Amino acid sequence: MDFTEGNHPITAKAHTAALGSPAATDSGRGYSPSELMVAAAAREIRDGEWVFVGMRLPMLAFLVAKRTHAPGAIGLYENGVIREHPAPELLYTMADPPNLRGATQCGTMLDVMSLLQQGRVNVGFLGAAEVDRFGNLNTTWGSREGQKVRLPGSGGACDIACLSQRTVVLLEHTRARLVERVAYITSPGNGSGKNWRRAQGLPARSGPSAVITTLGVLRFDAGGEAMLSSIHPDVQLEDVRANTGWPLRVSEELRETPPPRAEELSAMREIDPHGFWTRK
Amino acid sequence: MSNAAPDRTSKMMSMQQAVAQHVPDGASVLLGAQLEQMIPFAAGHEMIRQRKRNLALVGPISDILFDQMIGAGCVARVQAAWVGNVSAGMGYCFRRAIEQSVPRAVEMVDYSNFTLALVLHAGALGVPFLPTYSTLGSDLLKSNGEMREFGSPFSGEKLVAVPALTPDVAVIHAQRADKHGNTHIWGNLGVAVDGARAAKKVIVVVEEIVEPEVIASDPNRTVIPGFLVTAVVHEPRGAHPSPVQGYYGRDHAFFHQYHEQSRKLEDFQKWLDRWVLGIRSRGEYVEQLGECRVESLGVREHAYSAPADFGY
Amino acid sequence: MSNAAPDRTSKMMSMQQAVAQHVPDGASVLLGAQLEQMIPFAAGHEMIRQRKRNLALVGPISDILFDQMIGAGCVARVQAAWVGNVSAGMGYCFRRAIEQSVPRAVEMVDYSNFTLALVLHAGALGVPFLPTYSTLGSDLLKSNGEMREFGSPFSGEKLVAVPALTPDVAVIHAQRADKHGNTHIWGNLGVAVDGARAAKKVIVVVEEIVEPEVIASDPNRTVIPGFLVTAVVHEPRGAHPSPVQGYYGRDHAFFHQYHEQSRKLEDFQKWLDRWVLGIRSRGEYVEQLGECRVESLGVREHAYSAPADFGY
Amino acid sequence: MDFTEGNHPITAKAHTAALGSPAATDSGRGYSPSELMVAAAAREIRDGEWVFVGMRLPMLAFLVAKRTHAPGAIGLYENGVIREHPAPELLYTMADPPNLRGATQCGTMLDVMSLLQQGRVNVGFLGAAEVDRFGNLNTTWGSREGQKVRLPGSGGACDIACLSQRTVVLLEHTRARLVERVAYITSPGNGSGKNWRRAQGLPARSGPSAVITTLGVLRFDAGGEAMLSSIHPDVQLEDVRANTGWPLRVSEELRETPPPRAEELSAMREIDPHGFWTRK
C-alpha cells in the first residue's frame, strides 16, 4: 500500500488500505473490514443532520445512515449539489450525472461552502494521508524513503476541518499514517491541544470528532488528544499501539466496535452490489 | 465595433482560433470551474498542441486536465485546491513537476476549495479581498503566501483575507449557447459563474449552438450572459472524459487508463502523443474513441425540466 | 423529529398560522426581497391583522408594503435603501412616522441597495462583514451607524465594512413549491436567495403547490431548498398588487390609488380598514378586487422556458 | 410642483417638474421639454456601453439610444435584470413582467451590482431632489417651509454615483433643487471639489458627468464644479442663473442644446405613444 496515492479531499481512501491487506478478506465474520468502517461511519450521522458527504466509504456510510437510522439526513457536496434523496446509482465522483438528476439543489460551490461557514453543517467526512495525536490532517506533503512526496492537496478538506461542527476521518491504521505530528497541517484538528482552535480563531462549535481506522475508533479527550475509544473485533490492543506513531492512550470505557448489523450490511450491498468500494 | 456588418455580434470561432487569439503564453487560465462536470479538455488539449508556455492554471480541482498540461510543459504556476485524478488518485505529472522539476519546475499555490471559490468571488464582486474563517490554523494559510490573517474591523476577531483574482481567461464548458455567447448551464455550477465574471476574457465551449430565442426563453438559466463572452466554440464531446449533464456520462475507464498510463514518464509521453499531439482536433479525438465507446456514454433516459412560464 | 408520521415533512400551513407561529413581536422581518416583483403583501397584511408590534423591517425597496405596515403601527425600525411607492412617489405613512412619529416613532437605518444586498450576503456567507467601495464619501455612511470605514489588509486602501444581518424571518413570495418547501423562483431574484440563507426562519408563500417531482426536475431552479424553509403557505394572488411572473401582472392603478388614499391620515385609515383590517383573509381580498380586475391582470400569452435535460 | 414627492433611486422624477409647468406644453417647437431632456440623455449613451438604466425619462433615453446611435448598448437594472433587447412595452417599474421575459439575464441584485463595483458600467442615470454645485445628490432629506421632509432614500443611487464611470442626473431646474450645498449627500458627486473623490477612496474612473435639467445641461470642470455647458432652445441665460442656487459659471463654449432629431422623436413616441412620461 502506497499512501502517496492521492486522496480526493473529502473522500476517504482508507478503503484502499484494506483492499491490499490480508484483513480485507472476509475472515468468516460475515463482513469485510471496510464494511465495518462504513457501519461505524454511518453511526456518526444523526437523523436530520447536514452532512458533507464525500465519496467512497463516507458516501456509502451516508447512504447506509439514510436507509437505517437517519432518513432525514441531508447530503452536501462541495461542487454545488445538495441531496436529500441519494442518487440511485453508485457514484465515482460527486458530479456523476446520477448525483445531479433529482437533486434537492444544484448550485455553486459558494452556495454549499456558505452553509458550512454559517456553522450549520453538522458533520463532515475526510480522508488523509496522515493524522496526528491531536487530529490534525495532512493531504499535502508526504514522504517516502526520506524523499518528500507531493500529495494532491486540500480540496475542500481544510474548509470542512475548519468549519463543520464535527469532523470524522477515515484511514488505514499504520505507523506511517497515525503520526506524532503531521508534516503539514492541511486540515486543522486540535492543533497542539486544548483551546488551540479558539486561539486560532476557529469557530467555537467545530473540530475533530472521530478517527475511524482499520483497527478501531479514536475520539478526543478534553485536552484535544486522540485516544482509543473502540477496538474492532478480533484486533489486539498491542496491534493498535504498535501501529500508532505516538503512545496511544486508551479510553477507560474502551469497548469493541459493534459489528455491522444485518440491515446495515444489506443496505451497503444493495448500493454497491459488486463490492466496488468495500470488498474487491 | 462601429462596423455594422450583419454578423458582427457572432462570437463563434474554432477552438484553434480561440486558443490562438485569446490564450497567450504566460496567461492565467481558469479551467475546470464545474469540478468533475464539464471539464474543458478539448480546450486544454488545444493549448498543449499550440505549445503554450508559462501558463498559470487556476481551478479548484482539475481532475487530470491540469496533470496533462503540466506534463506537457505548458505550466509555470498552479493556483488550485487539489491536483490529481479524482476517481483514481494521484496525478503523476504533477508529482514529477513538483518533486523533480520534470519537465519543468511548477510553482504550486495551495488553496482550499472554499478559498479558491472566494478569490474568484472577490474578483467577480470587484473588491480587493473577501474575509473567511476557513484555513485559520492551517499550514496552507502560512505556505500559500497570498492569503493573510487580519482582525475584523468590528470585533477585532481573527479572519483570513483572501485576495481577489481576475484570470486573464476563463474557459467554461457548457451545454448550450447562442452565437452571441449567451450561455445556459445546468447541473452543479462550481465556480463557473464567478469565474466568468472575474475573468478578463471568457471562452465558452458548448455541446450545442441554439437559436437566441431558446436561450432567451429562460433568462435565469443564462448564467453567463453573452456580453461577458469573448469567444464561443462549438465543440461537441469537448469535455470527454468528464460528463456533460444531459449529453454524455463520465468515462470512468478513461480516467483509470490515464492513471496507469501516466505513472511512468515514457508512458505519459505515449499517452500524450496518442490523445493530444498526434491528432489535430476534437473531431479526430472522438473518432479515435470509436463509435461504440461514444455510444455507450450517451444519454439512456432523458429527464427534462418542468417549464417555467415567463409569460404575462 | 423522530416521529415518523407519514406527513412529517410537510411544512404547509395557513398564512394565519405561519404569521402567528413564526413572526413574534419585535422580530426582524425581510420582506420584498425581489424588489418590485412578488412582494409578500398577503403576509404583511396578516401581520397587520394580528397587530404585530415593534417589528424591524428589512428590504431593499418595499414598494408600499413597508408604508402600510408603518402606517398600521407594526414597525419600530426599518433597515432599507428606499421606502415609498415606486411608480407613484412618496410613501406618506413613512413620512408621517419619521417626521411626526405618527402613529409612532420609527427608526430608519439608511442603506443603499447594494449595501443592503451585502448585509444579507454576509449573513448568508457566515462572515461578520463584507467589504465594498460603495457609500464612500456619502452621508449615508456617516448616518447609517452600522457600516464602518476601514483599511484593506493588503493595500491599506479605504473600504467600507458592511456588517452581516441575519433576519429572524424572511418571507419570500414565489411561483411554486412542494409541500416540503423546495421552491422554484424565476425572474429577477433581487436579494431573495441570500435573504433566505441569511434568515433564521423562512416562510415561503406560493402561487402553486406542485408535486415534489416537478421541483426535483430542475434543481437549478430550486433557489430555496426545503431544508432552509420553516413554513410553506399556499396563497394564490398573495403578491397583488405586485406582479408574479407567469401568474399575473402588476396592478399599476392599485399603487396609484394607494398613493392618493394614503396622503391624508384619515384616508389611510379607511384604506387600511377596507383592504386589510376589514377582511379576514387573502381570499376575501381577492373577492373584493373583483373577478374583472383579477381577470385583467392574468397572463395573456404564455412563454415557457426551453427544457433542460437532466438525463444521463 | 412638490419636490418632496419621492424619487425612485435610479429614476428621474425630473419629468414631473415639466409635467405641471407651462413649459410642459408643446410650444410650437414640435417637441416637449421632456422630449428634449430625453434626447439629451440618450446622447450621453455611446454604442456598446453598459448602462444603469432606471425608469421614466432615462428608460426612454436608453430606448431612444438603442434605436438610433447605440444599438449595442446594454441595460442593467438593479433588481437583477439585464437586457440587450429592450422590453416591448412601456414599463412602470423595472420588474414589470415585460422586462423579465426575453431578458438577456435574470439574476440577483448582487449580480448586477458586482458589475458596477468592478467598474465595468459606463454610465448610470439618476434623479434627485437636490443637486449641488459639485454634483452631490440628495434624495434622503428635503425641507419645506423650514420643516425637514423625509424623502424615500438612496435606493441604488448612492451605489451608482460611487461606482459607475459616469453619472448623468436629470431634474427640474429650480433654486430649490440646484443648491449651493445639498443638505445630505445621499449620492456623492465631486464632494467639495478637485481630488475629493479619490481622497474618499472612490474609484479613479467614476463621477458625475452631466446634469440635464429643464433649462440646460451642466458639466463639470477640472475642479469638479458644475458649469452650464448647453442651454435649451428659447431659454435665457438669466433664467438659468436665476433658477440656480449658486453663482453658476458658464462654459466658454456654451452652445444651444440640439433639439431632438426626427428619428429620436419618432422612437420616443413609438415607445410611449400616449406621452405617459413625456407629454401628459
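Think of it as A, B, C and D in the order they're written, each chain with its own count starting at 1.
The rule we apply is simple: a contact is a pair of C-beta atoms (placed from the backbone, for glycine too) under 8 Å apart; a residue touches a chain by one contact, two chains touch by 3 or more.
Predicted model only: the values in this text are computed from it and were never measured.
Path length between chain A and chain D in the chain contact graph, taken as the least number of steps between touching chains: 2.
Comparing the chain pairs B-D and A-B, the larger number of C-beta pairs in contact belongs to A-B. The distance from the centre of chain B to the centre of chain C, with each centre set as the mean of the Cα atoms, comes to 37 Å. Between chain B and chain D, the centres computed from C-alpha atoms are 41 Å apart. Chain D has its Cα centroid 28 Å from the Cα centroid of chain C. Each of residues 81, 97, 100-102, 106-107, 110, 116-117 in chain D touches at least two other chains. Contacts with at least two other chains are made by residues 126-127, 132-133, 157, 159, 186-187, 189, 217, 220, 243, 245, 249, 303, 310-312 of chain C.
If each chain is drawn as a node and touching chains are joined, the picture fits none of the line, ring, star or complete shapes. In summary, the structure contains touching chain pairs A-B, A-C, B-C, B-D, C-D. Listed in rising order, the residues of chain A touching chain B in the complex are 4-9, 13, 55, 77-81, 92-97, 100-102, 106-110, 113, 116-117, 140, 147-159, 161-163, 184-188, 191, 196-197, 200-203.
Every residue of chain B that touches chain C in the complex is listed here, in rising order: 126-133, 148, 150, 152-155, 157, 159, 161, 163, 175, 184, 186-187, 189, 210, 214-215, 217-218, 220-221, 243, 245-247, 249, 299-312. Every residue of chain B that touches chain D in the complex is listed here, in rising order: 1-2, 4, 9, 124-127, 182, 197, 216-217, 219-220, 222-223, 225-227, 310-312. Those residues of chain C that touch chain D in the complex are listed here as 34-37, 60-61, 63, 80-87, 89-91, 94-95, 98-99, 108, 110-115, 117-118, 121, 132-140, 143, 149, 157-159, 186-194, 242-243, 245, 249-250, 252, 303. On the chain A side of its complex with chain C, the touching residues are 47-48, 50, 71-72, 74, 81-82, 84-85, 97-98, 100-107, 110, 114-119.
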